[in-house]
Amino acid sequence: MLFKVEMVVKLPVDMPVSQSDALKKTERELAQQLQASGKWRHLWRIAGQYANVSIFDVESNEELHQLLMSLPLYPYMAMDVTALCRHPSSIRDADL
Amino acid sequence: MLFKVEMVVKLPVDMPVSQSDALKKTERELAQQLQASGKWRHLWRIAGQYANVSIFDVESNEELHQLLMSLPLYPYMAMDVTALCRHPSSIRDADL
Amino acid sequence: MLFKVEMVVKLPVDMPVSQSDALKKTERELAQQLQASGKWRHLWRIAGQYANVSIFDVESNEELHQLLMSLPLYPYMAMDVTALCRHPSSIRDADL
Amino acid sequence: MLFKVEMVVKLPVDMPVSQSDALKKTERELAQQLQASGKWRHLWRIAGQYANVSIFDVESNEELHQLLMSLPLYPYMAMDVTALCRHPSSIRDADL
Amino acid sequence: MLFKVEMVVKLPVDMPVSQSDALKKTERELAQQLQASGKWRHLWRIAGQYANVSIFDVESNEELHQLLMSLPLYPYMAMDVTALCRHPSSIRDADL
Amino acid sequence: MLFKVEMVVKLPVDMPVSQSDALKKTERELAQQLQASGKWRHLWRIAGQYANVSIFDVESNEELHQLLMSLPLYPYMAMDVTALCRHPSSIRDADL
Amino acid sequence: MLFKVEMVVKLPVDMPVSQSDALKKTERELAQQLQASGKWRHLWRIAGQYANVSIFDVESNEELHQLLMSLPLYPYMAMDVTALCRHPSSIRDADL
Amino acid sequence: MLFKVEMVVKLPVDMPVSQSDALKKTERELAQQLQASGKWRHLWRIAGQYANVSIFDVESNEELHQLLMSLPLYPYMAMDVTALCRHPSSIRDADL
Amino acid sequence: MLFKVEMVVKLPVDMPVSQSDALKKTERELAQQLQASGKWRHLWRIAGQYANVSIFDVESNEELHQLLMSLPLYPYMAMDVTALCRHPSSIRDADL
Amino acid sequence: MLFKVEMVVKLPVDMPVSQSDALKKTERELAQQLQASGKWRHLWRIAGQYANVSIFDVESNEELHQLLMSLPLYPYMAMDVTALCRHPSSIRDADL
């Protein structure tokens, strides 16, 4: 079951570089692990923004919530969640 | 080069069914042809809305504009375009 | 899996009463059938508005979309969909 | 008498964990006590958000206000209150 | 129990004067009857707008909804409802 | 001459309780004195909000401004001012 | 007593030119008469818009409302009213 | 050439009084000097707000920008600029 | 003196093609004439929208207003006007 | 390929002047170097705002993102990106 999630990151301008670097590193590791598992299906950067457009493939709303809450940058992100479903004109079998 | 486009369709409530059916049929045919060509890379329905989230892969802003303007439902749609680029944490080769 | 859906109805002011009465009657019949099936779990009127707050319990985003599109008043409604999940402080077994 | 209340929690990112844990613990205890009393009728998490959708069943606007102001997290929450009433198409006796 | 209701009237510009006059006349009669009954406690015009600020004193959300839906101009009005309660600094006994 | 003023209070979450208590006490005393004088005609709490709906009866825009600026909580409040006038359907002599 | 009023005019695109010309002519005559009387103190066009910024000098909110409602274009205008008062740094005697 | 500028001042609540007094004093002196020069043609307070509506008469966009940036309170103000021109119904020679 | 103007065109969906073609043809001729004269300095299409971003170089707000009002599509366009001036970091002599 | 980017700068009011001066100096140097290279094609100040309107000419969304992220003021700016393409009525060869 697919969801589009748009995440905007707002780190405090006075956060020490060592702290933000550590946060971004663990965020990247978890993001890549979730991509490898197939749960985080797509991940794109929005041009000019510290923000992304993501597609998640999960079993339930609950699973989506747990994944998002587990992200190290979660306390610094605004999230926008949209439930998706198969489009009747889609020809791409994987997009369901 | 990737763009997210969100399209919301608003057909006049008094449009004859024969006209809306014809419009939707030609729209679907063109959408499927553009998907087959690789230009319209993803197409999902937004749950509960007569709207979609799409990912286009085009050579230029110009090509994106020409594709969108060619859609039969264009006069009845509101479009929202967002330029995307590769995310540094992405592990998916195709998402560039 | 639960979703909150808020629906605002906007009938054209010049719709004949016979037409709006027929629409509302079939809408009510379907709404009651969906409530009886357990799919449309709660349905409340918003005070002062021709609008409702609803809770749906469905298998998937896809099923939610099909239910909402099947409503006779769908062409006259604005829909707002929010994915819900169990709250860790909830003590009510049914609210999952 | 029913009200939908949507609460969004925004804790300062620099609040000590011991303080936020204590706040959340007393919040949960009060929330569960109010649910047990029947005043806080439903409580759902919004997927991907530190936010909830709640249904309260109170005697008056005044009682609703007192309940909300008594929540330990109140100073950190944005509240959105909507008065509900029975929907003429509802078949669920408890939803009044 | 008090509610503030703000109503904005939008009559179609091509409504015949005889029809709008008749609507306004029955609206005024009902408004005055509801004021006499104590249900519609205050009614002010917003300067420069075809709109009003009203205070209703009702037994329940349900009664408020029935009163508002009974207004002849209801199909042409946008309504905004806010639940009020007694202010701890108020010295006016009637404002509860 | 009447004005509706809606005031939303946002105290910094780290303001010492002694300071906020002192501010609220002087605010209440001034609010009650202005009510007694007839200038602050109505004062209601918005349910679930640290906010109020007020009706002021003043000689001029200037007098309204001076009253609002004199409130001890003014630096912590967002104000929304709406000029009111008598409604042609009002039957309440005092509401002018 | 001064008020800033911003008016945006939206004439239906299918209004006959003879009707719009007649409306604009009577609007202009009344606007000039109100300026001559000192009630409509300033009137500027917003560049690029069929809209104006105006300053009115009236005895009361009531008088402002009556003036605005008397404008022939009133049914086709959106109005935004802001109460003004003398600025403590103003050196211009007339701006009170 | 005329511009309407609306300025909203937001001083930090913890700014020392001596600093805010000094800022306001130099702001007032410059504002009065610019009024005397004819550049700052009108200056009104918005009732209930720490905000003003101003009319500037300048040679160019560039001159307007330089004037606004020179204000001591500039770092604490949100500015909204609207280009004005003579209204065809204006009878006031100075309003051009 | 430079202004950015963003124009969004909304033609009625039922406008006859012959009428819209004629409008667009005269619009294009005037746009090209104004570009040739140097008044309309830049004109770009917004990708995916029937809208443009333009830069005008005019003597005054008044001249800008007259140019925009003279466009054949003016009644069908929403305009957004922003006054520009030279940027201190610009190295391009023409951008003033 | 052209993009309009609007940047609004918000420096913390308590940033030391030496720090903001250093930031602005390196920002200006990079901006001028990017203009000289042809990548940053236009740069205008918005009158009355610490903000600019810019036109970038880049090979791809990716290149635009890298340029914007490299700006020293990036952490203090809100960015708004709009993809542009050639307008069919443009007569200016460079505007493509």
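Letters A, B, C, D, E, F, G, H, I and J mark the chains as written, and numbering starts fresh at 1 in each.
Just so we're on the same page, a residue touches a chain if its C-beta (ideal position, glycine included) is under 8 Å from a C-beta of that chain, and two chains touch if they have at least 3 such contacts.
Given the structure is predicted, the values throughout are model-derived calculations rather than measurements.
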| item | value |
| --- | --- |
| Listed pair (F-G, E-F or E-G) duplicating the A-J contact set, over half by residue number | E-G |
| Between chain D and chain F, centroid-to-centroid distance (C-alpha), Å | 27 |
| Rounded Å distance, chain B centre to chain E centre (Cα mean) | 44 |
| Distance between chain centroids, defined by C-alpha means - chain C, chain F (Å) | 39 |
| Chain G, residues touching no fewer than two other chains | 2-3, 45, 47-48, 61-62, 64-65, 81, 83-86 |
| Chains grouped in pairs wherever the two touch, ordered by label | A-B, A-C, A-D, A-J, B-C, B-I, B-J, C-D, C-E, D-E, D-F, E-F, E-G, F-G, F-H, G-H, G-I, H-I, H-J, I-J |
| List of chain I residues in touch with chain H within their complex | 1-3, 60-62, 64-65, 81, 83-86, 96 |
| Of chain C, residues touching chain E in the complex | 13, 45, 47-49 |
| Chain A partner contacts - residues on chain B that touch it in the complex | 2, 4, 27-28, 31-32, 35-36, 42-48, 52-53, 55, 82-92, 95 |
| Chain H contact footprint on chain F (complex, rising order) | 3, 5, 12, 61-62, 64-65, 68, 75-76, 79, 81 |
